[in-house]
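All chains are identified by letter, namely A, B, C, D, E and F, in their written order; residue positions are counted from 1 within each chain.
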Amino acid sequence: MRPSRRAPDELRPVSIERNVARYAEGSCLIKFGETHVLCTASLEEKPPAWLRGTGKGWVTAEYAMLPRATHERTRRESTSGKPSGRTQEIQRLVGRSLRAVVDLVRLGEKQITIDCDVLQADGGTRTASITGGFIALQECVRWMMERKMLTVSPIKDHVAAISCGISKGVAVLDLDYVEDSEAMTDANFVMTGAGGLVEIQGTAEGAPFSEAQFLEMLALARKGIGELVDLQKKAVA
Amino acid sequence: MRPSRRAPDELRPVSIERNVARYAEGSCLIKFGETHVLCTASLEEKPPAWLRGTGKGWVTAEYAMLPRATHERTRRESTSGKPSGRTQEIQRLVGRSLRAVVDLVRLGEKQITIDCDVLQADGGTRTASITGGFIALQECVRWMMERKMLTVSPIKDHVAAISCGISKGVAVLDLDYVEDSEAMTDANFVMTGAGGLVEIQGTAEGAPFSEAQFLEMLALARKGIGELVDLQKKAVA
Amino acid sequence: MRPSRRAPDELRPVSIERNVARYAEGSCLIKFGETHVLCTASLEEKPPAWLRGTGKGWVTAEYAMLPRATHERTRRESTSGKPSGRTQEIQRLVGRSLRAVVDLVRLGEKQITIDCDVLQADGGTRTASITGGFIALQECVRWMMERKMLTVSPIKDHVAAISCGISKGVAVLDLDYVEDSEAMTDANFVMTGAGGLVEIQGTAEGAPFSEAQFLEMLALARKGIGELVDLQKKAVA
Amino acid sequence: MRPSRRAPDELRPVSIERNVARYAEGSCLIKFGETHVLCTASLEEKPPAWLRGTGKGWVTAEYAMLPRATHERTRRESTSGKPSGRTQEIQRLVGRSLRAVVDLVRLGEKQITIDCDVLQADGGTRTASITGGFIALQECVRWMMERKMLTVSPIKDHVAAISCGISKGVAVLDLDYVEDSEAMTDANFVMTGAGGLVEIQGTAEGAPFSEAQFLEMLALARKGIGELVDLQKKAVA
Amino acid sequence: MRPSRRAPDELRPVSIERNVARYAEGSCLIKFGETHVLCTASLEEKPPAWLRGTGKGWVTAEYAMLPRATHERTRRESTSGKPSGRTQEIQRLVGRSLRAVVDLVRLGEKQITIDCDVLQADGGTRTASITGGFIALQECVRWMMERKMLTVSPIKDHVAAISCGISKGVAVLDLDYVEDSEAMTDANFVMTGAGGLVEIQGTAEGAPFSEAQFLEMLALARKGIGELVDLQKKAVA
Amino acid sequence: MRPSRRAPDELRPVSIERNVARYAEGSCLIKFGETHVLCTASLEEKPPAWLRGTGKGWVTAEYAMLPRATHERTRRESTSGKPSGRTQEIQRLVGRSLRAVVDLVRLGEKQITIDCDVLQADGGTRTASITGGFIALQECVRWMMERKMLTVSPIKDHVAAISCGISKGVAVLDLDYVEDSEAMTDANFVMTGAGGLVEIQGTAEGAPFSEAQFLEMLALARKGIGELVDLQKKAVA
């Protein structure tokens, strides 16, 4: 039995609320159980300097946690002088994942920044950030199309993400904080709506894991991401 | 007529929702119209190093804005390497204001950190932070008393804050962003429930202001803070 | 009786010596008793980037203390990596106060930086910095007019500043370090030669203060600033 | 045909030279073709602060490139003020991979730091760092056993790493810089001598990849890592 | 003829005024012509951490220029985030030079920090800092002896410093800014009262210099430092 | 007898291996006994901003030690946030020394950066860096001439450097780490092939040194640098 009494292949309750930030071109509040992430999309009329004149745009992401999103208060990164290695790793992952479904030429010389701010953290903040970040991005594109800034959407497919782990020898889907702390193996998967793999990150926390275990986690992820993509579609319907 | 069609002495709609952060010892979401601030209180068992052995505790505050709380996205302070002068000025003000109503000896050798994170900004974020920060602090004290960590509350009185300004020659209460941008004079007032003055900050943005104008603003502030203290009392009732 | 044996409404001996820095376009050494501040004005031919093309200039200020200006040596801010919150607060205040009496359009696309370096500190360094900074600014404008860089002075009025406090229940003018450490309330006032209010900052250090106490301090400040403006006029006569 | 004329499942020539740093407790110079990494192990008698009193030790890693290891000179990270996100990601990966084969209780309250300094970079620097870092670690343990600081080795198994990619539709092993720049998918695998999986990182650079492609890369990695472990064994024989 | 009309072996007018900083344990204002340096000595009851328990004390120095000490305003180092290479080089030199004449065991477990703040700069700021820093140090020792913190002075000899250069082919003493900018070779010498060499730094700015030229500069320095030591003795008489 | 059993005027075995870095325009690995420095030259098509439009180029240097180049591991400067004072002092010295033999007008508007990375440190790293840095620079110029980017070499002479010291009262040449730690006086000399002096830095570590001792060291340096220049010539023959 999982600590949350969920079945091994069961997601936490997921909700996606659009249009929560008055000033952003796109936004949503996504909840994976007790993990809550506010995602906003901000449009800039110019791409980063290294893309000027290429006809291509850019999608990037930033990630942070409020200091008391967690059980113990964590120090603000503005106070410690720089984003931690973990923060940088996550925001690079979110940016890469979103760019995998965007046609940057079709976007044109613009930049969209997706900010993922974790209001409350109970495990899985990076996968919620990718899944919710996609909605904020999509809303931003809709906003641009309504204003005739784009005639064809540069978004090629959905993208979503979920974590899996080996907990007490069993492969399980969508770990919360308690499960994540105990799991021997922790893996994050990012896939498109069509089922293509965008990113795989698997880490043995204790003993190494086997290929069979890895394939079990991959199958769970495929199921979970399918459900998340359905929820994304409902959210914007 | 004010841009918001409010009377000169009229606050924006104010709401205070307690207990919004699962892990914090105290929290609230306070709204002054379209300005929304999430306030949390975090208890630490030890005071800062310079108070150890004195029998006294400490209350401190940190303040930040989400990057897209504002009309234009602002850069994260973790990226620019340090909190800006404005951020430091505000967090020092919030901390001083809250300490003005706390008996630090009665609190004992502990520290309470109030985090004020602006989710959406439409003027008056520092006054909303003080007013909401008080609620988070009060909730934290209640949490400590329920656990017998304190037998008598160290909170001596309420504290709340509001801005005033001279807009088109008229003194007005609780400026929103549009009004704040145009006002010739901008003042912030912090007062206790008993009406004592804790902090006054008045700044001429263009022409100097007169003593008469200042006294008009002070009278408006007294009325507004009285209403805010009533709302604080209702919120925890 | 005040520790310095002054009457409640008595300034410390104030002196202003002009033309003390060989290379600066304007300078003075101002003394409020044992508080000594070296103020210099540096002219730059270009305004900050955000003003280029607007026809307007800028006046800004920087503030620092020598490490052994104080009773105990303080660490250099170049060593700690950044100006402290207190330093930033003061230099923003000095800059705002000086700009209140300058017509930035008449100044034209130039920048004047006022550096206020505290050689010795005995309370009131920010008010001495504003009062002396005005003289450095005025000297710089005279230097520019002598060189036909300006035909009409952009300075519209004098500006000066003084602190007041409630010490042992009595309102007193121009606190020195000892008095400042003990005062229950500390307030800084910035006014023009014509008596207009530019900035008011009042802070309760212990118990809140009353409106009556505040008005007593305001009256003292008005008297003290009047005397300072007279001294400014004599210094440049 | 690969740019290097290698077969799809062929490693670059790999060499491992031990004992290259006079002062380090363990060291090697590892070459994967034109990628050259100097790995040293430094023993400290104390573990990091958060492990003191637990009876456990720690193994950590740092990674850097010499400025002219690359085609174009890159700026030193000491000049830019902090390690980049990429650097931090790699050194966290190297540390985790090495700890996966160390019994930290058997190591006892000590810390071993593995420094991986890239003298020349032609792709695959992180996989060479893990593979060579293991040798430096093993040499350090041998040094400790010779001095009776340890009676039983805390090293439980070998660990090595290799990259794979999908290049022109074909899965290939051990990408050099040219191939890496063009590959549509890039994956890094870390495995133990017994074949257990320690870390998997797969990233779609352009189009998403399929499960079949991923399994092809995994099979290549298994073959390559087997060969690297054999080379590790020969190097210390 | 030198730009200042001095003879090749002639110092600028030098003055040393003691006891200029009210709170410091020792201080002086030293002038080498238009170069003015405020030197203070600050006593700390504890040596730096690495000397605790050794019975030895430490003398260290810090150096800075006010932003408008120079012809053009220079940026504050607190703003640029760190002391420049030049600043660090000078403060290391000043500290080493002063320690050369102090018996650190006789000083005991204390630290004296010499702050050298350049109020006005016209060349030779580092040599004025050493020469004046010695006076501040000596005053601090006198202060300690008056309070019976020391019974025997730890100061073993005088120390002073001067610059020399090759200007238009001729060796000259004590370069001012104009001469320094044009000189082909620039050298700084630090010597004790007894004539021992403490530090020599000679740099070819354009063409290399010959041994004969170097010896000429050394002879000039010996003469100049002799005069400075006499002035140091008079200043404290 | 010296710890290394060398005669007082005897260099350590010196070797210079050219062309060790595949991607750099010039490179060498220089060894002064157990001190090993990898020197590379990187050509940039543009000079630094302050030289643009002047027709002149620039030669600069950076210096660093690998963390385990030394007996005890030293912390990376990227981790501590900035290059140390010692590092900055050395890289300024190396740059100045190399520029002393380069005609910057003949180089034209380009920049050559010499990176000196100490792989192993046993005293004398700065002198080895200058001596080896010259070879990397010369190789870079040869590379440019082969590509017709220069028709006449801008290198005017050789430059090399060596340390001397007073050890147990005797002047000795080329100190290793053990000797350097014990020496009472430490001096570094930089000279051209023609015997001109470029830089002299002499420091009393304990007692001051005499002019006679200094001249002895200068004579030893002249002999040693003569031998180094011969080795430089052989290395590129």
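Following the convention adopted for this analysis, a residue touches a chain if its C-beta (ideal position, glycine included) is under 8 Å from a C-beta of that chain, and two chains touch if they have at least 3 such contacts.
What you are looking at is a predicted structure, and each value in this text was computed from that prediction instead of being measured.
Chains making contact with chain B as well as with chain E: C.
Where chain E touches chain F, over half of the residue numbers in use are shared by the two copies, so each contributes mostly the same positions. Taking each chain's centre as the mean of its CA atoms, F is the chain most distant from chain B. Seen from the Cα centre of chain D, the chain whose own Cα centre is farthest off is C.
One simple way to say how far apart two chains are is to compare their mean CA positions; for chain B and chain F this gives 59 Å.
Note on chain placement: the centre of chain A and the centre of chain C lie 51 Å apart, centres being C-alpha means.
Within chain D, residues 81-83 each touch two or more of the remaining chains. Under the stated contact rule, the graph of chain-to-chain touches is a ring, a single cycle where every chain has exactly two partners. If you walk the ring beginning with chain C and heading to chain E next, you pass the chains as C, E, F, D, A, B.
Contact residues on chain B toward chain C in their complex (touch as defined above): 82-83, 85, 88-89, 91-92, 96, 100, 187, 191-192, 194, 196-204, 207-211, 214, 218.
By the touch criterion stated above, chain C contacts chain E in their complex at residues 21-24, 27, 34, 38, 40, 42, 44, 62, 64, 66-71, 73, 76-83, 87, 113, 115, 117, 119-120, 122.
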